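Structures are listed in the sections that come next.
Paired with chain B in one complex and with chain C in the other, chain A is shared by the two complexes that follow.
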Partner chain A sequence: MSDEAALSAALSDLADCEEDVEKAEEDIELYRLKKLAPLYLHRDEIIQKIPGFWRVVLSQHDEFADHIKASDFEYVDAIKSITVHWKTFQDYEIEFSFNAIEGKLKDQTIRKHFLLKDEQLTSEPVDIGVPATAERKSFVDWFNWTGVSNAKEFPDGGELAALFSEDIYPYCVKYYTEAQRDVEDEESAGSSSEGELILD
Partner chain B sequence: MSDEAALSAALSDLADCEEDVEKAEEDIELYRLKKLAPLYLHRDEIIQKIPGFWRVVLSQHDEFADHIKASDFEYVDAIKSITVHWKTFQDYEIEFSFNAIEGKLKDQTIRKHFLLKDEQLTSEPVDIGVPATAERKSFVDWFNWTGVSNAKEFPDGGELAALFSEDIYPYCVKYYTEAQRDVEDEESAGSSSEGELILD
Partner chain C sequence: MFLNEALKSILPEGKEFEILHLRSPSIECHPLIAKQTSSSDDSVTVKTQHLFVLFHNEKTIFGLEIYVYINLKAVNSSTQDGERVIFISKADTTGHADCKVNYRSVTKVLIEYILSLDPNSYLQKVIPKRFDYGKIDGTLITKKTSSIKALRILANRNLPSYSAEPKSQTQFYNSYRCRANLETKVCLFTRPAPQYLFPESSKNPNKRVIDGDRLLRWWLSILDDILLETFQEDTKARLRIPGENPTSIRRYLKDVKYGGWEVGDIFGTKHKDTAIYHIPLFPDDPKARFLRQLVEENRARKTILETFWIELQNRQEFKLSVTVSVIGIQGLTAVKSLQRPPPCDVILSSSRKEFNAIKRYVTGENYDTAAGAREAYLNVRDYLSVRRNQKMMTIVGQFTTGCKANDRDSSSQRTVITANTLQPRKKLKK
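Moving on, here comes the complex of A and B:
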């Protein structure tokens, strides 16, 4: 076999091998989902018993803060629960339960669907009953983000979706614990702590 | 049960659940290693048949370039192969095979061991037979990096280790393919291409 033919054969083998690696990565992702799904479900049930859990997590999260405006705080505070439902890591729904805000937002649970295809994340608009803002830069506008519209949309809506699904939801307990530590550090100067809230 | 006792019980359950999540994450990592190890081994064998593979990958990689100096180029070009041997993702060795550089570096294969413990990455110095530079900022100094020394060391040695183990080695084929595409784009203007090197 000539050098050129040998190189050509090696490159073809490499392409086949890379396909096998990609298949293995997909298999590993499904294994990950299968392992974590029941644990997350159990965790969701526990979190429901901890008042203000998501308010604490979201107020602890600097990167989330970068995506919202001061006028969004009341809507963020109204979030009762967040859950991510993965079909695969490329096809998932983020579920939000809101407490009512008198005259502004009704008590509701909605799911926003996201699909990653050909490296592009898209979504379908979800009506939470709050009028769109003129600038489309409010957290309430994010629920209408599609990722495909040419019209004005919430900026970096895909990044915020990934922040929920890849960071805030999986590591919520870490953020909650950090927030509790910060509170305890502040309290340790003087008054006694109100019970042991630190997790480890 | 009082509100306070209920909260305390929920927090304790949450801590237990988080331990289960951590155990599941460890299990998933081991599953990942088990799945990918034979594929990477096969890939290493194929790559050996592609002359200059690692030179192409390393010259394509902007972040790697940020870690080295112009005087390192000849040592980087002398790299014949790179392999990562994971015991776990926290305990691994990076193996380098070098071609000789007349009067400067002998033909050799070395392994540098890395251990991540309590969020700190450390390593043991490896003698490749090249004197340390005064500034300790050369790629050849990285082989002596320990992560624990108070003396002058290669800067961000742990970052470079992670770059090899988490990015360059796992995604080497992607970088190689990108480099070939760049070459083809440059050539497409005029002369004909020398055979099909694109992988997909």
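Moving on, here comes the complex of A and C:
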């Protein structure tokens, strides 16, 4: 076999192999979902018995706070439960249950569907009975986020969806316990640009 | 000195403002200046951050960030001796004010307010530099506690039979005492920048961005007034302009009123002394960045003060020919009664995390248009209301001619700005 032909064959083999790797990774993802699903279900039931669980988690989460207005904490505090229902990691629904806020929000459970296709995340609007705000897009406007509309939408709505499904929901217990620390962190937790100079 | 009293005397008459005065918890940090010997000593440095933000018509208009360090010389002795170092980190405007505000006076009054605070107010519930996690009771949750262990601790605490004495957190924090009137240093690095605290604010055509020369004169006139009104008469006042000779530096000192100004700095007098043992390490400070570079380049122990100042000016972070300066004050204040800040004057953040979260509402917006300035205001207001059930302090200005006063024409305003609790002993320039 000539050098060229050998290289060609190797590259072709590598492509086949990569296809198998990708398939295996998909299988692992699905296995992971399958394995975790009953545990998450059980966890959701337990969390229901811990008052204020989601309020604590969402108040602890800096990145979540960056997505919403400070006034949105009123709605955040009304969240009774959050659940992510995955069909696949690319196709999932996030379920929210709200307590009523008098005059503002009714007691309700809604599901918002997200689909990641060709690297674009899209969704369909969900009516939670709060009129859309005009200028300052609020957390309640996120439920109307589609990712494809030309109208002004909740900013970075896709990132917020990913934050719920990839971080807040899977690691909610970690955020819950972090918020319960009795002793606050010392200096070493601060930024490195403020640290002590180490001479030799 | 109450914050609202001090501010209303210099804010324009009849106009309404709101002020956020946010304070971080106090935390033990590394010594500001590297120690020459590694011998253990019992000095302690406590760092606290202040952020002042002024709002008008529901928009951010001005901010000032100040760090206060209390350096206790020997915490195990009874001397209670130490020094207070005030690092003026950043002052900035957004250009979104709907009325003329004398920011020079606002800055001056806020620095005087900081100077009027009893250093002991920073020394309660100080977060230690390092917790001895081994010694911390296993029933407390720290950053070393795993999620599962934390849940077990919480489960135990919620047992009906749980009756352990309430854990006092204070035993894990430190408290110190110091003399009320510590020697005070005020440190400042002036360098022109389009914005310091408010991103994109330089794109607002109504914001006045000033060059290095005028910035230096602006700060000099503020500190000059403070020296006359707030410090005792033998106070050192020093100005250094890296890259400039003493004769040119003295040009800037021609118009000052305080007699004690000299060319130089308050960090060390001998040119041949090693810079690293004399220059303090402040956050986000060009001097500190240069020190860190010297350490990286293995030149820290070799670089003397003289070389340090010459090389500092040539660093890439400064544009060529831009005027930067180092201003320092060192002395005792002439404030009669140092005070603990009244609770209404300050929002004490519960943690550094909370401090940064509130600060981010202000410094995380884009200020090229008024929308960002308004967004910041609404978020701060709503956060305080929803999460802390607190409000910012409202101030109605009482300064009658302030609206047309020129920022740098200090002579016309001097009589108005005197604060009640300060007893100046003036040492006027001869």
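We adopt the following convention: the second predicted complex is superposed on the first by the 180 of 200 C-alpha atoms of A that agree within 3 Å, B and C clash if a C-alpha of one lies under 4 Å from a C-alpha of the other, contacts with A are read in each partner's own complex, and residues count from 1 in each chain.
Basically, a residue touches a chain if its C-beta (ideal position, glycine included) is under 8 Å from a C-beta of that chain, and two chains touch if they have at least 3 such contacts.
No experiment lies behind these values; they were computed from the predicted model shown.
Once the two complexes are overlaid on the shared chain, A:K112 sits clear of chain B and of chain C alike.
By the touch criterion defined above, A:D182 lies against chain C but remains apart from chain B after alignment on the C-alpha atoms of chain A.
Looking at the shared chain after the overlay, A:H67 reaches neither chain B nor chain C.
Touch criterion met: A:C17 reaches chain B, while chain C stays clear of it. In the superposed model, A:R32 lies in contact with chain B only, and not with chain C. Using the contact criterion defined above for the overlaid structures, shared-chain residue A:V173 touches chain B and also reaches chain C.
By the touch criterion stated above, A:A6 is placed in contact with chain B alone, chain C being left untouched. When the two complexes are laid over each other on chain A, chain A has residues 173, 195-197, 199 in contact with both chain B and chain C. Listing the residues of chain C that touch chain A in their complex gives 25, 27-31, 34, 127-131, 136, 140-143, 145, 147, 150-151, 154, 167, 169, 172, 276, 281, 283-284, 291-292, 295, 300-301, 351-353, 357, 360-361, 364, 371, 375, 378-383, 386-387. Only residues 59, 62, 65-66, 69-71, 73-74, 77, 135-136, 173-174, 176-177, 180-190, 193-199 of chain A touch chain C when the two sit together in their complex. Of all residues in chain B, only 4, 6-11, 13-15, 17-18, 20-21, 24, 27-28, 31-32, 35-36, 39-40, 42-43, 46-47, 49-51, 173, 195-197, 199-200 touch chain A in the complex they form.
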